[in-house]
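Take a look at these structures.
There are two complexes below, and they share subunit A, which is joined by subunit B in the first and by subunit C in the second.
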Partner chain A sequence: MTAVDAHKSLIDSPDAAADSAPPPRPERRPLAPYLLSLPALALFAVLLLVPLVMTGLLSLNSFGFYTGIQDVWQLGNYIDIVTDDYFHEIFLRTFRIAVVVTLLCAVLGAPEAYILRRMRSPWRGLCLLIVLGPLLISVVSRTLGWALLFGSTGIINTALMAVGLIATPIEFMYTETGVIIALTHVLVPFMVLSVWASLQRLDPQVENAALSLGAKPFTVLRRVVLPQVVPGILSGSIIVFALAASAFATPAIIGGRRLKVAATLAYDEFLNTLNWPLGAAIAILLLLANIVIIVGCNRLVERRYKQVFE
Partner chain B sequence: MNRNGPVALVFHTLFLAFLLAPILVVCVVAFTSQGYLSLPTEGLSLRWFKAIGDNPEFARAFRDSLLLGAVSSTIAVAFSVPAALAIARHQFRGREAITALFLSPLMVPHIVLGIAFLRFFTQIGLGGTFAGLVLSHVVIILPFALRLILAASTGMDRSIENAAASLGATSWTTFRRVTLPLILPGVASGWVLAFINSFDEVTMTVFIASPETTTLPVRLFLYIQDNIDPLVAAVSASLIFMTVAAMLVLDRLYGLERLLVGRGQE
Partner chain C sequence: MPYLVLDRLTKRFGPWVAVDNMSLTVEKGELVSLLGPSGCGKTTTLQMIAGFLDPSAGRVTLDGADLLAKKPNERGLGIVFQSYALFPHMTAAENVAFGLEMRGIPRADRDRMVRDALQLVGLGAFGDRYPRRMSGGQQQRVALARAMVIKPSLLLLDEPLSNLDAKMREEMQIELRRIQRSVGTTMILVTHDQAEAMALSDRVVIMNKGRVEQVAAPQDAYDNPASAFVANFLGRTNLLQGVVRRDGAGRRIDVAGTAWPVAAELPDGPGLLTVRPEKVRFVDGGGVPGLVRARVFQGTQWLFEIRTEAGDLTVIRQHDGQTLPAENEPVMLGWRAEDMRVMAGEA
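What follows is the complex of A and B.
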């Protein structure tokens, strides 16, 4: 899922590329830009806005097992989700997984980006390829690898038991631990990318200046490097959190039916229970939560670190 | 430049091991000679790669994935080029809003898009068709194409176009002979990034694919949900080998970091 690495530049600044351009000259043909963007606008109006609005309307319909989808308008599905403990548990679990995955990605990805930057030329390119490469490999293949490692007769358990560290296999499949490990693996490249981008703006001479003024290496890291990369960590965290909260393939394979998260719940309502209105309501809630978190955190980060983003 | 200390190098090694472990395991298990999931301790075998040939649905899904990726990225690029030129070179009312709209599929979870497209296509009679897959993929990959083309058109020197125009070229000729060649690297890399995203997409596609028209990742996903055997490892390994080959070519031609970080020409 290279899918949302572009979130990043979206979050850094909405159109960084366009901002650095020389100011466009006065228009000779004021209609030209509208005509040029008209095809894509029409496409998006029909294929993005209409389906989303239809999903919103669908979420207001009701559903009966014998009657199917009823064309009535009511908030029953939302009330069900808000009042039912079953849904609370799933949404809470989704949130918990996303938070832990985000923290793990920050703790692992940020130091790795810093280490990568300090590597020498041929190694740096090679390691960067290894770190970013998985983004291009299908998420299904990557998760399959974890399923192979995790099983009760999987490689991790076999190895741990052979060494004698554990007597009985650890349960990774169908557990939150398993989902968290696999999701961290899938999403950590986004964090490295984001921190890497913010490190590019850091002048290595500043670190050398601090060292030459007698600062200890750890002090340099804490007082000079960290403040500069915090915006990168924060925007990386927004991406990772949003992707982890709406992740589907990895929780579906590792968590299975037994450990549902919001996305797999919506999938089951749609394709197994066939309660489309309820599935649509879950999707709409997921979409709203996503937008609130991305836009909200983004505003916060940009206001707090205005000087870094310039 | 400062060197990394021993602690940093140990961390780095463990990190790379963590990233590579699941990918390597898939590739190694695919070569097992046994009939069940196991490490190939008793010699390597290609039997599971041969077995892919006995399951034509994987080959068909692969072909459909390639076709879907190629068609939808071409359409996405065709829509992106004029839009990118408009955004990069004109100051107009609603420019920010239009840019945000074009990039918005990045903010919408794919599970939501899958549900929205399933509803929409069922209503208009495109459910389960290849055309439906193409249209939905165009929407989700357009932002990737747009961003790289936007970066290329912003950095372009416009005086060359003015020169062409002053020498009497029509605007279409100027576009075809001057503008397009200049932004071609951005267009090509935008196409490639769009293709990769279309090829890897599973969450949205699983909703709108039908048993007859499906993509390789979706076929693989549905198969894994039922059972995990060396056959899926072999299919996954083949996918991984192809991706690595494509990645090395891309890195040579364009630079993987530039493609993924998307910073345009620097």
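What follows is the complex of A and C.
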């Protein structure tokens, strides 16, 4: 077929088709929704995408103590991190802390939300305010408060020693235990809010139905309420895990220089060592690890409880 | 011996009395409806029987045993909720099996009983479906099967059909009646729909403002309403204002220039005459004069709005070929003395 023939057949074909079926109407795509979301997209691009891409590019540069940042493209920083035990330990510690904090938040926050929902009206509002209280206080002053409680002559240790429960002070400051306690305190409200939201969707009669069928109250919780709030616990866990793994202020104050996590490590590389490319590589790796872990867990739980998520 | 006894049951919420001194006896195998407008206390009564609310006073016994002493999960009652309250994370079969599982029935028996229960409600093929993949009527049937499969000593139904469309509701009414007949479970049905209550029940309990107005078989309550409230709530009725007085022949009530004999014990003074629309006839003379304001053809019957001196009347006549008055035509209305009820008081 020559080019002319092809052209001709293209012109002919609509006529031929017109006899059998009406020509398909061109699909109209309204522009308004795209235009309306443009400002938000621009903000998103300028404030998130551009810095992220720049960090990514920066992480590929190299750094020398006498030469500063070299404008070369290489994977040296990533290779350093992947092969060095020092970095392994810090990343492992970061995710260990994040996992423990997430579990603690789920164990504390889910029952808390359930109890809150069953409270009567004046107490419910009051207790909700107490639960959400930490969010109203600056993270630095709140963490410094924990530092006051945690110190070897702090309130907790003084009290425990006065009662005679311990002979020597427990070390909270500059330990993982201290960081975990402080982070859990900060992050539990996110879990409570998330579980609260999924409890609101629960038909209150469903619990009564289970009771009427002969289930004991604890069985009702385990078999009927819990499976239905799994989506809430999961979304709460994602928020808590992401915030705990990337937390900076709390590990910086409670953990100090001695107990580094990924976020404080990146900070030190940027501001103390001035090795910006390495800091950027740490930040990117933290982001990637976070995404992989969260998406993976999400898939796993969604498959296990797929009927609840439908 | 009565099976379920409610003895002066009362529930107060602060100063508000939701259920006021309610007494009722139900025989084994009976289907009794609690009927009334919203806020009349019917659902509160049901919740107290189920154990989800503690009564402020009174007693409930089932088969001679004190029901209030038991926790809700020990009462062994079947309950069908208005919202169905199915477990959304379980299939229809798992929903039905839940109660059996709680009773520790071995798996093999359980599977057979679940299958039979789903078969009974016509959902034999739907065991593997999750509730949200089912229609309202199907969910309703699963809820019924779940409540029935535990062989409850008493089945409580809280507005079970109110979320269904009219056609489905009628189907379920017949279904429910069939199941009740074949299984013989004692049932308490809460509803605000008088047609539903009359279609399903052996007896209806008509409630208003926390009090029982009347307990009777549906037809009895319809024909002999104990109060103006019952007359008005159960189907359509006409209320005519008149005056009760004594004359030479006995007690009479005067309504728009006509006099009707009434029972001797009514006091003199204002009286209310009630008569059902289908009992009112057009007569040649000696009746209540009126004017046809409107007439509406409804297929099997004609509906007339007639203005009289004593108030507006609704009249229903069968569409059976007889000549009927046209609009704006003066007419005379009459009814048999035994078809009317007279109560002291004013409308």
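Here, the second predicted complex is superposed on the first by the 245 of 310 C-alpha atoms of A that agree within 3 Å, B and C clash if a C-alpha of one lies under 4 Å from a C-alpha of the other, contacts with A are read in each partner's own complex, and residues count from 1 in each chain.
The criterion applied here is as follows: a residue touches a chain if its C-beta (ideal position, glycine included) is under 8 Å from a C-beta of that chain, and two chains touch if they have at least 3 such contacts.
Note that this is a predicted model, so its numbers are computed, not measured.
Once the two complexes are overlaid on the shared chain, A:Glu112 sits against subunit B while remaining clear of subunit C. Touch criterion met: A:Val224 reaches subunit C, while subunit B stays clear of it. Once chain A of one complex is fitted onto chain A of the other, the partner contacts of A:Asp203 are limited to subunit C, with no touch recorded for subunit B.
In the superposed model, A:Gly296 makes contact with neither subunit B nor subunit C. Judged by the touch definition given at the top, the superposed model places A:Ser141 against subunit B, while subunit C stays out of reach.
Of the two partner chains, subunit C is the only one that A:Lys216 touches; subunit B does not reach it. When the shared chain is aligned, no partner comes close enough to touch A:Gly68: not subunit B, not subunit C.
Counted by residues of subunit A touched, the larger count belongs to B, out of subunit B and subunit C. In the superposition on the C-alpha atoms of chain A, the part of subunit A touched by subunit B in one complex and by subunit C in the other spans residues 208, 211. Across the complex, subunit B is touched by residues 1-10, 14-15, 17-18, 20-21, 23-24, 27, 30, 32-34, 36-37, 39-41, 43-44, 47-48, 50-52, 54-55, 58, 108, 111-112, 115-116, 118-120, 127-149, 151, 155, 182, 185, 188-189, 193, 196-197, 204, 207-208, 211, 242, 245-246, 248-249, 252-253, 263, 266-267, 270-271, 276, 279-280, 283-284, 286-287, 290-291, 294 of subunit A.
On the subunit C side of its complex with subunit A, the touching residues are 50-52, 72-79, 81-83, 85-91, 98-99, 102-103, 130, 132, 146-147, 150.
Touching subunit C in their complex are the following residues of subunit A: 203, 205-206, 208-217, 219, 223-224, 227-228, 305, 307-308, 310. By the touch rule above, subunit B contacts subunit A in their complex via residues 1-4, 8-9, 11-12, 15-16, 18-26, 29, 37, 39, 79-80, 82-83, 85-92, 95-96, 98-113, 115-120, 123, 135-136, 138-140, 142-144, 147, 150-151, 154-155, 193, 196-197, 199-203, 206-207, 216-217, 220-221, 224-225, 228, 232-233, 236, 239-240, 243-244, 246-247, 251, 256-257, 260-264.
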